[in-house]
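Letters A, B, C and D mark the chains in the order given here, with residues in each chain numbered from 1 onward.
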C-alpha cells in the first residue's frame, strides 16, 4: 500500500512535467530569438545609429512606404563615406565593392515565415517604433534578433494596442461601433 | 511481539464461505481470504463494507466536467473570441460532447488509480501467496492473532470441520 | 510549420528579395523617367542581368540555412523595392490591340490590366490578354538568334543577312515580308521605307481571315478596311456566324459595348440579340434568340434577311427565287426588330464569303445603320489579312520568284490551310528569316531566326481603329538575347537599330501636330506614354455618311443561285472555329490558357469534334469517343463532343490545337483543324465530311459534367416584363431569422455583386484570378479527375430542348457567407470569419481534413492534392525559376495538403486600406477592385462595402433582380447575384 | 491442543477429502484449457492466418507510406468528393469496436452470464478496431505531420487553441477517451489472470513479465470485492461512452448542411449500425477462433445463438432507419434532400446502395429461423455479409451525398484508386495481425470469470 502510494505519487508528479516540457519544446519550434549572424562587413549599428545618431529611416528609407524596410544600397553608404576620410578594413572592403560594382550579400537577421505578410510602412505609420520589434539596435555592435517574432508575440502587441487605435480611428472617422472587433486581429491581416 | 496465525486451504468456495461464517461466528477475526475468483457471498460472510470507489468516480467526473467546460469557455470567450460561422463565442451546446468525454475519461482513470492505490497494486509489487494455488484452484483463509491466550486448536477444529483440506501455521514469510 | 518552408523559400526569395533584381530595377528606374537606355553596351548588360535574375531564382530554390539579402549598387530613383510600378502599353496578345496597364513589382511584370483611359477598350481585358504576361516567362522562348538552327551572334546574323541583301546580282533582290496584321503606324512606316528603299513587298497574312469582309467593304463603300461596329448603339443585333464576344475581331471592345446596351438599370430598352450560327459559341450562348444553321446556310440567311428588309422598305424583292433557309420564323422576328430599330440596329456576319458580306452591308445600308452602328469613316484596322496575296505569294515562292522571305509574327507552316504547299514553297526561297520568338513550325524551317522581343519588352505603337492611337513601352529589360523586330529591320536597312528613337520621331512628325494641348513634344510624349492612349480631336469629326455604292444585287443573285445545292446524304459540313482561350494557336504553350475551360463546353486541354445530340444518337457516339472525319484528301481523328444547339448538318472543330512545335505544354495537344479551313463555309458538297467511330475512347478534360439545373433556383432568369412588374421588391425576404445574436458590425462589410445579365461567360476573370492569386495549373489528367484549382469558375447550364437550348452562365466563387458552413467544421480554426465579412482561409494553419470542402454548398473550395509548385509531375510555369517570376509576391504559394479558395483578393483589400491609411482617409467606393472585377469587360462584377449605403454594391444588392444563391440555407452569402434578363421575342420562354 | 480435538480433526479430514477432487480439477482444467495456447507453440492454422494478415498489413503500410510521401492526390478524391474510403473505413472500424464494449460493459450490468467466455476477446477486438479507426482520420489529413495541431496545447501562436465547435475535434476526444477507457477496462480485467499465469509459470522471462503485469495480485478477497465494484463502475462509465462515441461520429455528418448528411436520425441509426457491425465481426471472429483454438467447450452454440439474435434486432433497426430516411426525404419535401436520398437508389451509385440493402436489411431476416441460427456455416456467411453491408452503408452515406449536392455544376463521379483499396486491406491486416497475436499471447478468455461462472453453476447444482 505505501509502496503503491509512492509509485503513483511519482507517476503523478512526472507526467505533467513531461507534458509541460513537450508543449514548451513544440511551442519553440522555428523561433530564432537571439540569432546574430556574422555579416560580410562588420557594420556597427551602435556606431551609426547609436553614437552618431543616424536616423533609421536614412538608410532603411523603404520602411516608410514599402513592405520592406530595405537594405541600403551602397551609394547610400557612399553618401557619407565618400566624404569621410577615416579608413578601416571594413570601409576599405565597402569602397572596393563599390569600385568593382559588386553587390554585397548581407545575411538576413529577421526572417519571418514565408506565409506571413508583414508591411513595414503600415507599422511605421501606426507609430510603432523600430525598437519595438527590432530591440535596441542602436546599442548593438552586430545586429541580433531581439524579439521572438512568434505569432503570439505579434498578437500580444495587436491586442494591447488594438483598442486604442480603433477608438482613435473611430473618433477621426466619426463613425463605428466601439465594441466592433479590432480588424488587426483578423487572420487575413497577415495570412493570405 | 511475535505474531501468530493459521492458513487454511479449501478446495471449493462453498466450504470456504461456511468456514468464514463459522470462524467469525466464534468471534475470531478473519484476517483475509484468498480465492482465484470473487466468491459469491463472501462479502457478507466477511462482513465487508461496500467499497467507496463510487465516490471517487463521482468526484473525478465532476472535476473533469467543470474543467472541460470552463476551459472551452475560457478559450472561446476570454482568451480569443473568433467569429466561427457567426456562432456566438460561448456556444455551450457545441461544448457538450467534449465536456462529456472528458468527464468520462477523468472518472474512469481516477477510479482505476484509486483502486490500485487502495488495493496496493503497482508494477513490481511482490506477490506472496497465502497458500499455493489460490490464484488457480484453491481457496485460503488466513487468521492472525497476537495474544498468546488465543485458542488456536479450536480455530483449527472449526476450519477442518468446515472442510479445510490443509491447515497450517502461518509462516512469517507469507507476511506482507 | 516545418515542411512548407522547404519550397516556400523560393517564393520568399522571389517575393522578399526583390533586391536581387538588380537589372530590372535599373531599367524600371529609367522607365520612370520615360527614357530608354541609349548605348547598346548598357542594353547588353541589362539582358545579361536578366539571366542573373533567373540564376538568383534558381539558387533561391536551394534550401539554405541562412537567407541572403543583396541590395542595389545604386538605388534607382522613383522605384521602391516591394512597391508596384505601373506602365501603360498595348496588348500584343491578338490583333485587337487593347490598351494595357502592366503592374511591375521590383522590375518584374506580374499582372496586366486593361487601360481604363482607353476610350475604345476601357479597363477590361480578355483571358488571352491576361495570359500574355505568362508567355513573357515562357521557357520555350529563344535565348538568342539562330543561323540554320545553331546559335549565332547578332553581328554574324546581321553580316550574313546584309551580305545577302546587298549582294549585287543581275536583278534587284525580290524581298517579301510576310507578317500578321501590324497595328503600329510607326512599324508600317518603317516597312514603307523598306518597300521604297529595298523594293520589299509586304504581304499581310491572318490564319483566320476576314478578307472577304474587307473586300466587300471596299466594294460597297470604297473603304479598304473593316467597318468599326458599334454594338453599344444598336438596340437590335443580328449576327451570322460572328463570335464577336469571344473571338471575332475585337472581343473586349465589343463585349464592353454590348453589355452597355443591356443594363436595365440604365435604360429600360435593352437590346435584343438574334444569332445564327453552326456551333454554340460564346456569343450565341448570350443571344436572346439563337438559331443553329449549317455553315453553307450563312449566305441564304443573309439573303432571306435582305429580302424581308427590302420588302418592308418597298424596294421590291432583289431576287426571284424560293427561300431555302430553315430559319424562317427567326428571320421574320429578326427582320421586324431590325426594321423597328432602323438606324439603331446592326447586322454583323463572320462569313468568309464576299457575296454574303455584300448582302449584309446592303442590309445595314437599307436600315440606315451606316455611320451609326457601322462606322466606315473611322474603320477598324485590326484585321488586314489578304488571302489572295498570300495564295499568290505561295505560288511565287514555289516558282522561285522570291529571293528572301521575312516571316514576322506568322506561322504558316502550321496555320496555313495548305501548310504542306507552303513548306514546299519555302524550300525554293534562298533566304528565309523568321522573327519568331520561338522555334515554331515555320521558324524551324527558316535559315535564320532573329527572335523578336515579347511585347512587354518592346517599344511600339498601335492604331486599332482609325485615329485611336496607343503606345507600347518595355516593362522589363529583355530576358534573353532577343532584338525587337523593328530594330532588326532598321539594322538591315542600314539605319541605327533604335526603334525607340524612330517611334518618337514618327510620333513627332505625324501625331504631335494633330493636338494643341501640349506646347512641346516631350510633354506630349510623356503624357501619351503615361496614358498609353491618344485620340486626336480631329479624328472625331465625322464626314458625310457613306452611301452604298457596290453592286450588291449581283451578289444577292449569286447567293440565290448557290443556295440551291443539296447536301449529300450522311455527309456533314466542316465548320472551323476559334476557341476563346486558344484562338489561332499562337499561345498554345500558355498553360493558363490551355487549362481555361471553354466558356460553352467547359472542356480544357485539347480540341474535339462537336456533333449535335441527334447526330450522336444516330451514330451511337458519346462524348470522348474518338471519331475519324474523312473529307477526301483530309482525314482527322479526334474525340467527339456532343453539344446541344449544334447544327445537325455540321461538325465543328476548333483550330489552334495540334501544334507540333508549340513547346513543352502545347505540343501534341489535340488535332490541327486548319486544313479544314479551305472547305469551311463553302457549299455543302465542297465541305462534306463523313464521321466514323474508331472504337477508341479518350475522355475529355471537362470541368463541368452535369448541364441541367435540375429545376433548382440557382441561376434566375426573368423577362423584361417581369422586371417591370415586381420592380423594387426583392424576391426573397432578407436574412431569415438566426438563432444567434448578430455580432457587432465592423467598419467595413466587404461583398460582391455579379450581374448575370452583363456577364457573357467569357472567362477572362478565371485567368485574371489565376494570375493574381498564384493559382496553379494542374494539367489534363488532374482536370479529368475533377481537380482544377481555379478559384472562380463559370457555371454553365442549359434549359429548353437539346436542339435549341437556352444557355445560362453564373460566375461562382467563394460566397463569403456570413454564416459560413465551412467555418464551424474546421478542427484547427484554419478558416474563420474576419471582422469585415471575409471568409478567411489560413493556409499555414490548415491540416487538410477537407471537411470544409465537403460542407461548402457552393463547392468553391480547392484542395492541394499534390505539391503543385516545383514539382516535375506538374511541369508548368511554377516548376521553373523563369515561370515562377510571374508569381504575385503578395500572395502565398500554397503547399501540398492545404485548402484554398477565393479570398475576395484580400491582398488588394489590405493594400487599398493601407493606401487610404497612408493618406489618412478611409477607402472610397471603387478604390479596391478584385482581379475578376477589374478584368471584366462587361463590368458584370462589382466589389464594395455593404456598410456604405452609397456604394454601388449596396445599391445593386437592393436591386429588384438581386438574389443570393441558396440563400434559403441561411448561409447569408456576401456575394449577390442579379438575375439574367432574356429579352426573347416570346417573352422569355425560349 | 487436546487429544479430543485432535481425534475429531482426524475424523473430519477423512470424511471431506474425497468429494472435492472434481471441483478442484474442474477449476484447474479451466486454467489449463485457457492457458494452453499461451504455453504451446502455435499450430499451422494460426501461422497460415497470421501470414495472410501480416501480408495485408505490409501492403497497407506500403500504400500509406506512398500516400503520405506523395499527397492525398494518390486517392480518387476530387474537388467535390472530399471524403470517401478514408472516412468510410474510419466509421466502419469505430462501429466494429462497439460490440466489444457492449458485451463487456452493458451485458455485465445486465448480469448476462453468457458473456463471460467471449467478453475478453470482444474487448480486445474493440481496442484493435479503434486503433484501426484512429489511423484513418490521421492519414486522411493533407498534412498528417501536423496532426498534433488538433490538440489544445499551449503554443506560441497567441495561444491559438482549437475549434471546439468542430465535430472532427469531438471525434478526437471521443476516440481517445474510448480507446483509453477500453484499454483500462481490458487490462483491469486481465490482472487476476496474469496472476494465475504468473503462478503456474516456472521462473523465467515469462514469469517476470506476468509478474509485472499482475501488479502483485494475490487473490485477496478484500481486493476482489473492490475489484468487482471497479468493474461495475467502469462498465457504468463505458456504457454511455460507447453510445456517445458513435453519436459523435454520426455528428460529423448530422451537423453538416449536406443533403443526405444533415439529419437528426443519424445518432441512433449509427449506434444501432455500430452494434450491428460489431456483433457481425465478433461472430465472424469467434466462429473462426473457437475452431482454430479448439474452444468449443467455452464458446458454445448458445453464445452464437445469442449473438445472432442481437444481429437480428440491430439489423432490423438499421433496415428501419433506411426506410425512415426515404420517408423523411419524401415527406419533408426538401428538393435537395429528396434528390440525394432517392438518387442513392437510382443514381450512379445504386449498385452500392442495393448491396447495402441486401446485406444489411434483407439477409439478417433469415435469422428469424432457429435452424439458421443453429447452423454455424450459415451464421458465418451472414456475419461476413453484415460487415460487407455495413461498410457499404458508410460508403453510400458519404460518397452519394457528396458527389451530387446543391449545385449540379459541381456534380462528379468518384472512383477509388488501388492505393485506397490497399489501405483498406491494410487496415484489415492490422486488425487481424493484432487479434492473432492477442490469442497467442494473452488469455483470450477471462479465466477468473469463467471460474466464478462455473462456481455459481456448481452451486446451483448443489441446490
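Note that a residue touches a chain if its C-beta (ideal position, glycine included) is under 8 Å from a C-beta of that chain, and two chains touch if they have at least 3 such contacts.
Predicted model only: the values in this text are computed from it and were never measured.
**Q** Quick one: which chain's Cα centre is the longest way from subunit B's?
**A** C
**Q** Check B-C against A-B and say which one is joined by more contacting C-beta pairs.
**A** By number of C-beta pairs in contact, B-C is the larger.
**Q** Give, as an integer number of Å, the spacing between the C-alpha centres of subunit C and subunit B.
**A** Their C-alpha centroids are separated by 82 Å.
**Q** Per the centroid of Cα atoms for each chain, what is the distance between subunit C and subunit D, given in Å?
**A** 60
**Q** In whole angstrom, what separates the CA-based centres of subunit A and subunit C?
**A** 45
**Q** Which parts of subunit B, given as residue numbers and ranges, touch two or more other chains?
**A** 83-85, 87, 94, 116, 118-123, 125 - these are the residues of subunit B that touch more than one other chain.
**Q** If I count partner chains per residue in subunit C, which residues reach a count of at least 2?
**A** 1-2, 743, 821, 824, 829, 832, 834-835, 845
**Q** Please set out, as single numbers or ranges, the residues of subunit D touching at least two other chains.
**A** In subunit D, 158-161, 163, 165, 167, 169 touch at least two other chains.
**Q** Looking at the complex, which residues from subunit A come into contact with subunit D?
**A** Touch list, subunit A to subunit D: 23-24, 26-28, 31, 148, 150-153, 155.
**Q** Please give the residue numbers of subunit B that touch subunit A in the complex, ascending.
**A** The touching residues are 81, 83, 113, 116-123, 125.
**Q** For subunit D, which residues count as touching subunit B in their complex?
**A** Checking each residue of subunit D against subunit B gives 1-2, 5, 8-9, 12-13, 16-17, 20-21, 23-25, 27-28, 31, 152, 158-161, 163-165, 167, 169-170, 173-174, 176-177, 180-181, 184, 188, 191-192, 195-196, 198-200, 211-230, 233-234, 237-238, 240-241, 244, 248, 251, 447-449, 451-452, 455-456, 458-459, 462.
**Q** Using the touch rule from the top, collect the residues of subunit A that touch subunit B in their complex.
**A** 1, 3-5, 7-8, 181
**Q** State the interface residues of subunit C toward subunit A in the complex, per the touch definition above.
**A** Checking each residue of subunit C against subunit A gives 1-2, 4-5, 8-9, 11-12, 15-16, 18-19, 22, 66-75, 80-83, 743-747, 832, 834-836, 838, 840, 842-845, 890-892, 903, 906-907, 910, 914, 917-918, 920, 922.
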